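Just passing along the structure, written as structure tokens.
The chains carry the letters A, B, C, D and E, assigned in the order they are written, with residues numbered from 1 in each.
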Amino acid sequence: MDWGLASLFLPELALLGTALGLFVVTTTVGGGESADLRRAGAMADRVAFFGAVFAALLALVPAEGQLFFESYAVGGFSQSVKLLLCLGLAGSAWLSRGAARGQVSVRDRPEFHLFLTLATFGMAMLTSATELVGFYVGLELSAYCLYLLVAMTRREGDHAEAALKYFIQGATLSAVALFGMSILYGLSGTTSIAGIGAAVTAEPTTLALAAVLLSLVGVLFKLAVFPFHFWAPDVYEVANDGAASFIAAASKVGAIAALLRLLTLGLGHDGLFWILGGLAVASMTYGNLAALVQKDLKRLLAYSGVAQAGYLLMGLMGRDEAAWSAAIYYGAAYLGLLLLCFIVVVEVGRGREDARLPISAVNGLYKKSPMLAMVLLVGLLGLAGVPPTAGFTGKWLLFKAALDGGAFWLILVAGINNTIAIYYYLIVLKAAYVDDVEDPTPLQTSPLGPKLGVAISLAIVLFGVFPQWVMPRLLDAVAAIL
Amino acid sequence: MAWLDAHILTIILMCPVVGLGIVMLIHNGKDLLIKQVAAVSSGLSLVLSLRVWALFDASTAELQMVERVAWLPSAGINYIVGVDGLSLAMVLLTGIVFFTGVLTMWELTNRVKEYFAFTMALVAGVFGVFISQDLFFFFLFYELAVLPMYLLIAIWGSTRREFAAMKLTLFLLAGSALLFPALIGLAHYSGLNTFDMTLLAEADTDWGGMGLILFGFIYVGFGVLAGIFPFHTWSPIGHVAAPTAVSMLHAGVLMKLGAYGVLRIGMIILPEAMGSWAPVIAVLALCNILYGAFVALGQTDLKYMIGYSSVSHMGVVMLGLATMTHAGISGAIFQMFAHGIMTALFFSCVGHIYDRTHTREISRLGGLFHTMPRASTLFIIAGMAGIGVPCLASFWAEFLVFVAAVKTWPIIGILAICGLVASALFVLRVIQKTFFGPPLEAWKDLPDISNGMLPARLILAGTLLVFGIIPGLMLTNLDESVRALVAVLAG
Amino acid sequence: MADDLNTYLIISCALFAIGLFGVLLRRNLVAMLIGVELMLNAVIINLVAFAKFSAPEPVTGQVFALFVIGIAAAEAAVGLSIVLAVHKSRGSISVDDLQELAG
Amino acid sequence: MLDLALGILIVLTFAGATMAVVLKKVFHNLLGFGLSLVGLAGISLVLGSEFVALMQLLIFLGGITVAMVFAVMMSTPREQSEEPRTADRVAPALLVGAGFPAVMIALLLGGSFPTSPVTEELFGVREIGLALLTTFELPFEAISLLLLAAIIGAVAVARRTRERPDG
Amino acid sequence: MTLNAWADIAIGAPLAVFFAMLLGMRAWPRAVVGLSLLSALAVALATWMMALNLPEGGFTSSVPWAVTDDFSVSFGYRLTGLSTAMACVVGTIHLLVQVYSVGYMADDPHKARFFGTLSLFATAMLGIVLSADLAQTFIAWELVGLASYLLIGFWNAKPAAAQAAKKAFIMTRFGDLGLFAGLALMVSRLGDLKIDTVLLAVEANTWEPGFVTAIGLCLLCGIAGKSAQFPLHTWLPDAMEGPTPVSSLLHSATMVAAGVYLFALLQPLFLASEFTATFALGLAVFTALLAATVACVETDMKRVLAWSSISQLSFMLMGLAAGSQVAGFFHLVTHAGFKCLLFLSAGLFIHAAHTGDLLAIGRKVGRSAPVAALGLVVGCVALSGFPGFAGFMSKELVLHAVHEQGMVFYSGALLTSALTAYYAFRLVFLALFDPERESVEAHPSAALKWQQGVVVILAVLTLGIGWTGGDLARHLGASADEAHIHWMSSGVAFAMVALVLGAGLAFVDFGRGGERAGSFAKFPAMHRFFASGWGVDAFWRTFSDVGIAGLTRLALLIDRGAIDRTVDGTGAATKVLGGVAARMQNGRVQLYLSIALGLLATGLLALGAM
């Protein structure tokens, strides 16, 4: 049975199917009794999680080809990114089951999962879109779903403020990005990225490069690079853990894919990449410095995310397959590491009313749950770029690529930044391993939580030590889009 | 057996890693079982490192027991492991200090599982550095060796442990912040786009100005760990705060990582840059020797004294490397080995004293010779090695280095020789204050080193004596490799 | 004047400026939303003008404009609901009251 | 004659836009916004895209402005007027609000755009429909998902405002 | 048994005893003492066998020890007349002192450690004497320093002993600096440090004079450190804190003589440069004079003998520096004999009187210890240079050699020998002929017999040694008449005058009717000056308090103040910067947008400019 074109669209179909299922569940919720509300919530959790896992499996199916009249390219690059996105979705859905720490009201749980799935579909769409309009609609679909996810946190108080700030900055910067894209359309007459790329390289006027930079703004906002990162600390700190983990992990991978897709426009021009280099250094330094004084764990992870975006952007200075594949590898490592951190956040914050989680909440973790302490250890050391985790190998490959782009002194700045970063990762580690806690009662964690954490950390260490399992495939996947 | 010999280096590396895995699986409570696993894995690594010593063929300068696996060819990374004259002694040193370190911590009761897990990770890192011949794996193991230090000191340390742990880790990683671009720069600016050290060394590329900058980064980056003059302030604080076996591993082996890095990467791959940097290295080494000795003289805490003495002795190593002569470099490598064993012995004795008297203030200790004859004799043997008394390994090292130094830079050489007096001053001052003199009331009935804990220290003292009486053991193995290195440096 | 591309570019940039000024100045959240909508309209003008003057087949420009309109609609819906949520939790829809999250 | 019409429409749009932004009372802003939308629809007509003009009128004026009116009515009357504008708010707003577009204008006018022959018949609704269902088929489906999400989101976020949830 | 085997026994046997003690034989002290005596006997036998059947051209054999391209060290033996003679001296004295120590140490609990370290000393000393390679000499030289440190500090419970041990080690280490520098300079010209190659190079005198002088001075610095010459001599009197056998073996006969032996061994090198020779001679005369004056006012019996050793060592150096190897070395041999006798008899006195103070000994013991008195008298007579006795024979040769070097040095030497006579007889009179002596019944214990036997043997030896000058000269390869005393020459006359003057003055001061205060007491300023050892000790104490402590304070200041503060400062500064960055996030969303778009605009302008 020849699936024909549909075989190329399987992961997206799975996501849409899950969305449909969730939509059906939302309709059944009508009634007010809490018993069937709870049942519907649990049903929604299961549908979302298994739908995501199914989509991830489908993403493994090798697919190569064009869809929708050449506006949708499916290949090694897009499928590997979709795999990561679906794993991110599965992770976040699993983390927000039972509305993680009761931050999302039972009534809203089906909608919550619906938005998660739609956001993932949006990002999957922008990964394969070879055409500006599809790219942009995908970007906005995932963006709006994220705004709503943040706004849905049940607790009264700051969540609405964070959501609004997130929305306002997102909306304005997407208007600016649209402005840039309209100019690109004006210059090249077509909306297909390849066509625009050809037009821009044909006569690289300042206007063309400016337009490319403007259209990148939307993606840089999602990636939380320095001037466009102001939303991140507030959103991470206040949003419910499920949404925060999705924004931190999966959405960043989507942003990386979007960046790789759009940067193919301005490949030939050093000026554009020197500006991106400047942004990279700014976000590295700002992110690391601001994180030094943080007291809230999720806010610290936000600033560290800004810094990691800086490292990533600098890696892309290499402008060749090595840089692009290193970026994806680093994105995958970052996804895994963030999921580890958020597993610890969810498990440790289980009884807490407020969505915030001070670093002192992790005190004495080595006594309360040794396995979680080990998960936190691998997560933080991976983020800090310490061997043998994938964080280290990723950083090495990224900076090697950056050096091929002639950024020797930038790497020195990145090195120094890395040392500054070690300080605040070690502060959290100190809290977990060294500081004592009054009630050493063992933490009652969910049965699967720490075990999943250990599994992911094992994967991270193995992929860190054996990058060759995955890098060659990434290299020729990336060759397709460069 | 042949298979074992072919892959002996990876097996040595795997000993601590497998040990780590087993320790992780053991339940938290069973302390003794964990200690036994640690002892077996460290013992095995010691036996294997002795086997490597036996298998080593001293007549060639090339790498031996080489294992080569193409790891990630697209990025120029491959797993190459091998040992030659320069690193042979270091592997044995790590084996010995690791085994004696585990034995010294046999009476640990607080969080034993985590302690041995982190120690195993640290030692795996150190073994990895000494045997790897690929920049990527070199740096990977280098960082792996540095990071467990933080937790080892912060959890099991003593005075101001958290501050000391943080300061130590940040300082060392600041060093590696310089190394990161340098190592990648080597692969990039050589045009070969490979991290294989032997290829980079043989390619004799014309590095030009960049060579100097890269060497500067490598020297300062590794020099921070080797405790070169202006960047040494972390090491005494780190030693004082660290528990006994950790300071043994740290001062005994980790500081050699720095000097070995400068030797293996700086001097072999960038010989011309080494030529122009040598005077700077010599002057800083001289500062190390004299400055370290005089600061040690002013210390009131036993461990601070040993910490600064390590700074002083590492100065001798760097001076030896800076002379770029056969005698100088052989002396430097011999000193790396001898100082490692000596400091390990020093720290294990001080550890015993601290566990019993709970103080390391020299003013409060006194007349221990009569209450603890064994600990005192061992400390005095270590002290004598520190001073460079003949028939102990350190004498030969310092003798060769100073003779070579006088040959290449007469002024620096003569000033360095004054280091002999300076080191005598501070060691004898401590011996006289803590061990000689009337036995104090407070320390009247303290137990001496028990028979169980004695073998670890006897191994260390024995090694000092054996290499002191027969320096040929060390020098014949070094001979060919150092001759090849000197030829490369002469250019 | 009507058949010269630059006039339309000037119109759209001016409109963009007014919209941006509105977002940055106004305290009332709804007024900020209006500012954003104006910026999006500026983009629509741009697209339609390029469709007419410089694109080989103008339909892509128009379709792009349509999609922007669609997105502006969704944006307004989401924006207003968040504004109401803010109103519910903070009792006011002025930007000055939204300064708790900092540091 | 076309220039005259365009002139009127430009005046209409900018008058509306300034009203939407400068005036203090929100209702006046909404009114101004409506006016500028009408002007903009006219400009689109002048540029030959009738369908886009129609959609602007229908969605923007009909949908968005009306929704905003409801939103304003639901927020308490006290919000009607705003405090006086201090200099420290106006200055950065003016600087960036004017600066950024000024840079854009300079770049745009500096740049050169390709010109293509003006063909009347290509503007018809048939081509738009054809394009929507062929090359832009996926965005077309996705925009419907976006709108669905927006509606459900609005309900989910706003629903809580009416009664206390139990969960 | 080949020569090589004998040499191996000489060095190996005592080393074995030391290791046996170190590795736990401490539990059986009697076994260690027995083993040590046995090894001492073997060593003495070996040295004499080597001396007796020494082949004509000497015997050298060596095996490579540490080999590198630039420079290699070999371990081996170079048996020549000089080295075997010195070995015999060391061997015999070592045996005698070990036997004496059996009695002396009879009731000391740490007996095993004492005998073990004594054997270590024997190995090290023979290492210096028999070595074929100057590097091996240097190694043995340092080991001797270690042995002396351990032996002086044997009773380490006594703070004074511990302090003296440390002072001895550090001061000799200062000397070793010079020695090491000299050797290092030589190595930079020669591939290795074999003594034959060095002597050949000196004969070929290919080195420029400045270089030879530099090496000579450096080696002289080492010799000054070890043989307690000015200014590095103040450690020797303090070293008397150690047990008396140690003082007699190390600090009079053998260890301090190592420096003189090295001078004799490399005499051509020192004499090759005119400046070094005269400098050495001047230094020796000055030190001899200094030491003699201090000895005259010293009140502690062992310290008198210590200052006298310093003075006599200078005499040996005078002989060698003046050019005659036989004179210098013969004086070394005779001095070893009678000074060891003096120390051992002093030991008996101190054991009986339980104090070292001369006056107290005079009162408490005096002539009631007959053997000690005999030893003291024979020793003092030999020391003072009474004709016919050992001291005179060798000192005469030295004076004769110095005579040719010019009147200044000769007059200095004569004055010193007069002072020597003075303090020698002062010692005898104060100790033996003290008028208010209370007769205390000396109760000879069984162990005492060991000690008294040794003293008697040594006394006989001292009497005999004087006449062995001729065959010693032949053994050294020089002609017999080098050791011939020109009885009728003016030199002997002057010496006799000096002797009579010194002895007479001593008799007047301390003899039958004298007030026993000593003529120096009449000039209190000079007395205080001499008593303080010409202020040299004070100089070294200020040097260490001001110099070294000052340097330490400076280093600490740099370390804590400058470097540490900058390091912690950078840490704190980054945290402050962190605070600034975090405050930039002040919650006002319109500010965020202004920053973002403002930076974007500047980016666009930059793009335009690029």
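Quick note on the criterion: a contact is a pair of C-beta atoms (placed from the backbone, for glycine too) under 8 Å apart; a residue touches a chain by one contact, two chains touch by 3 or more.
This structure is a prediction, so every number in the text was calculated from the model and none was measured.
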> Which chains does subunit B share as contact partners with subunit E?
Replying inline: A
> Fewest touch steps from subunit A to subunit B?
Replying inline: 1
> From the centre of subunit A, which chain's CA centre is farthest?
Replying inline: E
> Nearest chain to the global Cα centroid?
Replying inline: B
> If you tally contacts for every chain pair, which pair is highest?
Replying inline: C-D
>> Can you compute the centre-to-centre distance for subunit D and subunit E, using the mean CA position of each chain? Integer Å is fine.
In response: 102
> subunit C to subunit E: how many Å between their CA centres?
Replying inline: 97
> Where the CA atoms of subunit A average out and where those of subunit C average out, how many Å apart are those spots?
Replying inline: 27
>> Between subunit C and subunit D, what distance separates the C-alpha centroids? Give it in angstrom.
In response: 5
>> Give the residues of subunit C touching no fewer than two other chains, as numbers and ranges.
In response: 16, 19-20, 23-25, 49-50, 54-56, 60-61, 63, 67, 71, 74-75, 78, 81-83, 85, 88, 98, 100-101, 103
> Of all residues in subunit D, which are in touch with two or more distinct other chains?
Replying inline: 89, 92-93, 96, 100, 104, 107-108, 113-114, 116, 135-136, 139, 143, 146, 149-150, 153, 157, 160
> Can you list the subunit A residues in contact with two or more other chains?
Replying inline: 133, 137, 140, 144, 147-148, 151, 164-165, 168, 172, 176, 179, 183, 186, 189, 206, 210, 233, 293-294, 423
> Each pair of chains that touch: what are they?
Replying inline: A-B, A-C, A-D, A-E, B-E, C-D, C-E, D-E
> Quick one: in the complex, what on subunit C touches subunit D?
Replying inline: 1-3, 5-11, 13-22, 24-28, 30-31, 33-35, 37-38, 41, 44-45, 48-63, 65-67, 69-78, 80-85, 87-88, 92-94
> Contact residues on subunit C for subunit E in the complex?
Replying inline: 20, 23-25, 95, 98-103
> Which residues, counting only subunit E, touch subunit C once they are in their complex?
Replying inline: 582-583, 585-590, 593-594, 597
> Which part of subunit B faces subunit E closely enough to touch in the complex?
Replying inline: 167, 170-171, 230, 233-234, 291, 294-295, 297-298, 325-328, 330-331, 367, 369-370, 377, 384, 388-391, 395-396, 399-400, 402-404, 406-407, 410, 413-414, 417-418, 420-421, 424-425, 428-429, 432, 435-439, 471-472, 475-476, 479, 482-483, 486
> Where on subunit E is subunit B touching in the complex?
Replying inline: 22, 64-71, 73, 135, 139-140, 142-143, 146, 149, 153, 156-157, 159, 161-163, 165-166, 169-170, 173-174, 176-177, 180-181, 183-185, 187-188, 548, 551-556, 558-559, 563-564, 567-568, 571
